[in-house]
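Going by the order they are written in, the chains are A, B, C, D, E and F; count residues from 1 in each one.
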C-alpha cells in the first residue's frame, strides 16, 4: 500500500526523522512517501503555526493526489488540517494525536500526555475534547522543550522527557503514556523500557492504524462534512485550488 | 476606536456588504477598516476553505498591525483563525459565531442557529462545544443555501431562511435565533420583525462586544497559549512571517 | 440610555460603591439608577441570603418599571434573581458573574475566579455549569474575606486578594482572572497592573455588555420561560405583585 | 418522627391536598406538619414565582424551627429554597423533584417527566443537570395545564396528563414516568395502573426518603456551603432574620 | 417486608458481618435473608472478581425467587450484577454504591469516597459517571487495604481509613463521606462521630431506600432493558438457567 | 501472530460464522483460534446474558493462556468481559464495539449504530459513554431482530437491517454506519455497497486493530486497574481460578 506521510512543518530534517520512524513502524509492503508543505513555519508550536501548517497539509494532499495514496498520515501532534485532508481524498486520513489517544485507550483505562511547549497543551486538550477521549486522559503536561531541540539535543531532552513522564504518571495515576510530538518518535522504545508502562508514539500508531483501515477496505466518508469541497474561485497563491 | 474587520474569504463584494452591516451596527467614534486575505477561497463552506481562510486571517492581522487596531472582528461564522489572531495582537479579537452565541445566551435560555450549507453545521457544533454554549443551543440547522447566493438572490434566500427559522424555532422550542453566516447580516432586522424573537447577527454583535471590551480597557491575555508566537524560520510564500 | 443597577443586598454604602464603579465603567450617555431591595440581608454570602436577595431583585425590577430602563444589571456575583428579572422586563438583564465569565472567555482560553467566602464557590461553580463556561474556568478560589470587609478594610483585603490571585493563576495556569464579588470592583485596575493578566470586574463588564445589547436593539426574549409571569393571586407582603 | 412539609405557594387548599398525599405515603409513626409561606404567589409557574417561593420556604423553616422537625420536605417540583433550607437546619431536607428523579433512577435506566406549563421545563432541566441525573431523563414534557387547574378540573386534567404520559413514554422509550408537580400526587396510583410503568410522585418519594435518612441517623452536613448562615443585619420585612 | 441481601463474594463470615450491619440499619418488620453465590472469589477487588461476582448475584436472585423477596440489596461497592438482578425480579433492586451516592447527594453539595484497593477506584468512578453523580463526587480515594483485612485487622484498618478520610475531606473540600466497601459498614457510626461530617455506609442506605421504595409500592420497570430475559438455551453449569 | 477470538455466547455455529469473518478480515500470518465459553446463554441479548458471558470470556482467556496469544478479540457488541480479560493477559484485548466505534471515528465526524434487540441499546450507549465516543454517535437503533435470526433467516434480516440503516442515516445525518452485532459481520460488504457510506463491522475492525497493536509492540498496561488479579481463594465451579 502507498502511504503519504505529511509533516506539516517545513524542516526537512524533521521530515526525514519522522519518515524513518514511520518506516520502522510500518508493516511489510508499505510504500512510504514523506512530504512537507512548500510554505510555513519550521515547527508547529502555536496557533499561528498551526493554521498555516493546516493549509500546508491541504496543499500536500492536493499535490500528491496523482500518486493516489492508499492512506494519509498527518505527523504533528495538533492534527492540523486532518479534516481538510479528509475532504480532499477518500483514502483514510489519520492524525498522530488521535491515533495515539485511541491506541492508548485500548491499553489502559487512563493515560497521560507529555508534550513540548506548555502553550500547546490547549490544542491537545481541545483535540481530546473533540475526539471524546478527554475523559480517559488524566493530564496533558508541557515540558517547555522547543520542538526543534528534540533533534538538536537528543540526550538532554530525553532526560527531561523521562523525568516529566515519571512525574506525570505518578501524579495522574495513569496506566499509559502518550508522546505529544512527532519529534519524540525516536524516544519511544527507550522510554517504554524505562517507565514500565505502554508508551504510545502517534507516528507509529497512525501508520499501523492506517494500514488496518486500508486492510479493512474502509475509506473516508463522502457523505456529510467530509464530502469533496464545493468548486469555487480561489485567489492569490492558492488560485490554482479552484479548479 | 479603530476596528479591524476581517472577512476571511476573498470575495470583495461580500467584504463590502459585511462592512456596511458592521458600520450600521457600530457606535459613534468607531473607525472601521474592512479587509480580506490576499489568497484563498471565494467563500468558506468546508474544512479546506476554512484552513486557508484561517491562514488568511493571520495574514491580515499581521498586514494591518501597523494601523494598530483597538479591536479585531473575524467575520465568518466558523471563526477561522481567531486563536491565531489573538497571538498576533493584544487587541481584543472576536469571532462572529462566538459573539452571536454569547449575545443569545443573555437573551434567552435556549437558542437555535440557521446557517448555510448543512455540511458546515459540524463546524458550528464544534464551536458551540468548545465555547461551552452547546448546552444552550437546541439545534444548528442547515438550509443548503450557498454563501454567495445570499448576495446574488436576496429575495429568494430571505424566504428560505425565514421558513427554516420558523421551523427551527417551532421544533426546538427556542427563545432566540442566531444567524449562521456573515452574509445574513442584512436580513437581521427584517427577520426579527417577522419572527417575534430576538435575532442575533454575529457581525453586529461582535462589533458591539469589541467596543465593550475596548471601553473596559481589556486586552487579550499575553499569558498562556495567546502569548506572541515564538520566532522561527518560515518558508515559501510565508517566509516573511519569520521575522 | 437608562441603566438600572440593582445591588441585591441592603447595605446602602455598598450600593454607592458599586454605582461609582459602574459609572466609571459606563460609556457616554448612560443614565444610571442604582437601587437596592427594601428587605433582605446586608450581604449575600450563603443560600439563605441569596434566595431573599433574588426576591429583592424582582421587587426592584417591578418598582422601577415606571422608569422604563433600557437595561438592567444585577450586581452580585451569584446573579440572584436574573431569570426572574428577565420575565419582568424585555430590557436586557445582565448578571455580573455571567458578564465576567463571558468577557474572560473572549480574552483567554482559560480563567480563574477569586471570590470571598469559600462557601460561595458552590454558587459560582453552578453558574459556570449552567452558563456552559465551566470548561474554561480552571478554578474558583475562596479567600474567606467577608463581603463587607472589602469596604471596611480595603488595604488588608487588597493584599489578601492579590496573594490569592497569584496563587490561583500559578496553580491553574490560567490566562485571565475574574473578580468574584461586586465589592471588588474598585480593586480591578490596580490588580490588573500588578498581575500582568486581564482582570475582569463583572460590574464594569455587565454595564458595557448591557450598552452593547441596547445598541444592537436586542431585547430579552418574550418566548419560552422568559415570557411575562402568568397573573395570579399573591399573598402577604407581596400581595401587590398579583395585579 | 416529625416531618415538616412545606408547600412553597400560598394556596391553602393545595397545601391540604399535598398533605393528604404525604400522609397517605408516610410510614407508621410519622407526625406531619404541613405549612405554607405567609407571602407569595398562589402557584409556582415561573422564575418570579420561584424566587419568592424560595424565600417563603426559608421563612417556614425558620418559623418551625421550634418544633424541631426530624426532616423537611419542600413540595414544589422546582425544589425552590432547598439549599437555603439545608443551611437553616441539620435535619435532612428533600425537594420533591430530586426525590422523584433519584427514585426513578433506581427503577429504570431512563425516565420521562410530565409537568404543567411548558415554560417550567427549563427549571426541571436545570435541576436534572445540577443533580447529575440529566443523562437518565430522556425528556421533560410540558402539558400547559396551569397548576391550580389540577385541583379545579381533576377529570379533564387526568385525561390530558395520561395522554401526554403515553406520548412521552412512546417517544422517549423510557422505562418510568416522573410526575412534575406536587399537585399531581393524587393521580399517581391511577396513572401507574393505566400506563404499566412505575410512576413516581415526588411528594410520596420525598416523604419516604426523608424517613429513610432519618432512620439512618444521617443529617445535613454542617461543613461547606450548608453550614449555618453567617449572622448579619437584615432589613425590611425580613429584619428579624438577622438575629 | 422480605429483603434479600446478596453478598457477591463467597466469604461466609463477610456475609454474616454485612447481614448484621443490614439488620442493625433495617426498620421494624424487615425480614432479612442474607446469601452469597455458590461460586466465585473470596472478595471483589478487580474486574475478574467483579464479572464472576455479577454472575453470582444473578444466580442468587434466581435461587431465591421462590422466597418472593420484596426488595433486593447487592452488597458490594461495585454494584456487580444489579442490572441483571433487575431483569430477574420486579422487586426493587439496590446496589450499595448507588444507594450511598444518592444518600450523600441529599446531605451535601459534594462528597468524597474512601475505598479499599486503589485499582477499584476505576469501578467507582464508572458507577459515578453512569449514575450521573460524578459531578458531585470530588474524589475517590484508595487506601490499598485488602477487603478481607477489614475483618481480620479491624483496629489497624480503622486508623488507616480515618486518616485517609481526613485527608480526602481536607483536599476535596467535601461535605460528606461515602464508605467504599460493604466491609466498612461496622465502622460507620464511629467514623461519623470522629469526622464531624455525615458518613454514608451503602449497606444501611440501600436497606433503608429499599424499604422506602417498597413502602411506595414502586417496582422495577418491566419496560425496556429491565424486561425479563428472553428465553433461550443455556449451556454448562448454567444450563438450568434456560428454562 | 496468534489471535484468540472469543465468542462470549455458547452457540458453536455462531462461533464458526464469526471466525470465518475474522479470518477473511485478517492479514497474512494471523493464526486464529476461535473459542466459546463452556457455560452460558446461546446469545447475548440482555444484562443477565451479559454478566454470564463476561464470566465466560474470563474463563476462555484463562483456558487459552497456555497457547500464549499475541492478541485477544471479544466478539460480542456489548464488549462483555473485556476489562477482566485485560487483567488476565498483557496481550492487547479488543472488544468489537469499541473497535468499531474508534474505526468509525476515523472516517466520519458522526456515525449511527444499527443493532439487534432495542433493549440492548442501553448497553451500547453505556459503552459509548464510557469510551468517550458518545458525542460522535448520533443514534443507536434497535431492529428487534433476535441475534440467532441473523443466521437462521439471512435474507429477511438483511432487508430489515438495510431498511433500518437507511432510516438511521437519514434521520441522524451521519457519515458512517456501525453494525451492532458480531452476527452481522457477513453482511458488511454488501451493506456498504448499497448504502454508499463506510459500514464498520466490529469483528473485522477488532482483528485489524489487534494486528496493529501487536505490530507496534504495545501490550496491555500492567499498572493500575489492569494489573493481574490479586490471588485469593475461589469457590464452586470457579474454585480452580484461585491458584
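The rule is simple: a residue touches a chain if its C-beta (ideal position, glycine included) is under 8 Å from a C-beta of that chain, and two chains touch if they have at least 3 such contacts.
Because the structure is a prediction, the values reported are computed rather than measured.
When the contact pairs of A-B are matched by residue number against A-F, D-E or E-F, over half are shared only with E-F.
Of all the chains, the one whose CA centre sits at the greatest distance from that of chain D is A.
Among the remaining chains, the Cα-based centre furthest from that of chain F is the centre of C. Once the centre of each chain is set as its mean CA position, chain C and chain D turn out to be 29 Å apart. Each chain gets a centre from the mean of its Cα atoms; for chain B and chain F, those two points are 44 Å apart.
Spacing of chain B relative to chain E, judged by their CA centroids, is 52 angstrom. Each of the following residues of chain C touches two or more other chains: 83, 109-110, 122, 129, 135, 173, 224-226. Only residues 25, 27, 83, 92-94, 98, 102-103, 105-110, 131-136, 169, 173-176, 189, 196-198, 200, 204-205, 208-209, 211-213, 215-226 of chain A touch chain F when the two sit together in their complex.
Contact residues of chain A toward chain B in the complex are 10, 37-43, 45-52, 54-55, 57-58, 80-81, 83-84, 86-88, 117, 119-123, 126, 129-130, 146, 148, 224-227, 229-230, 232-239, 241-242.
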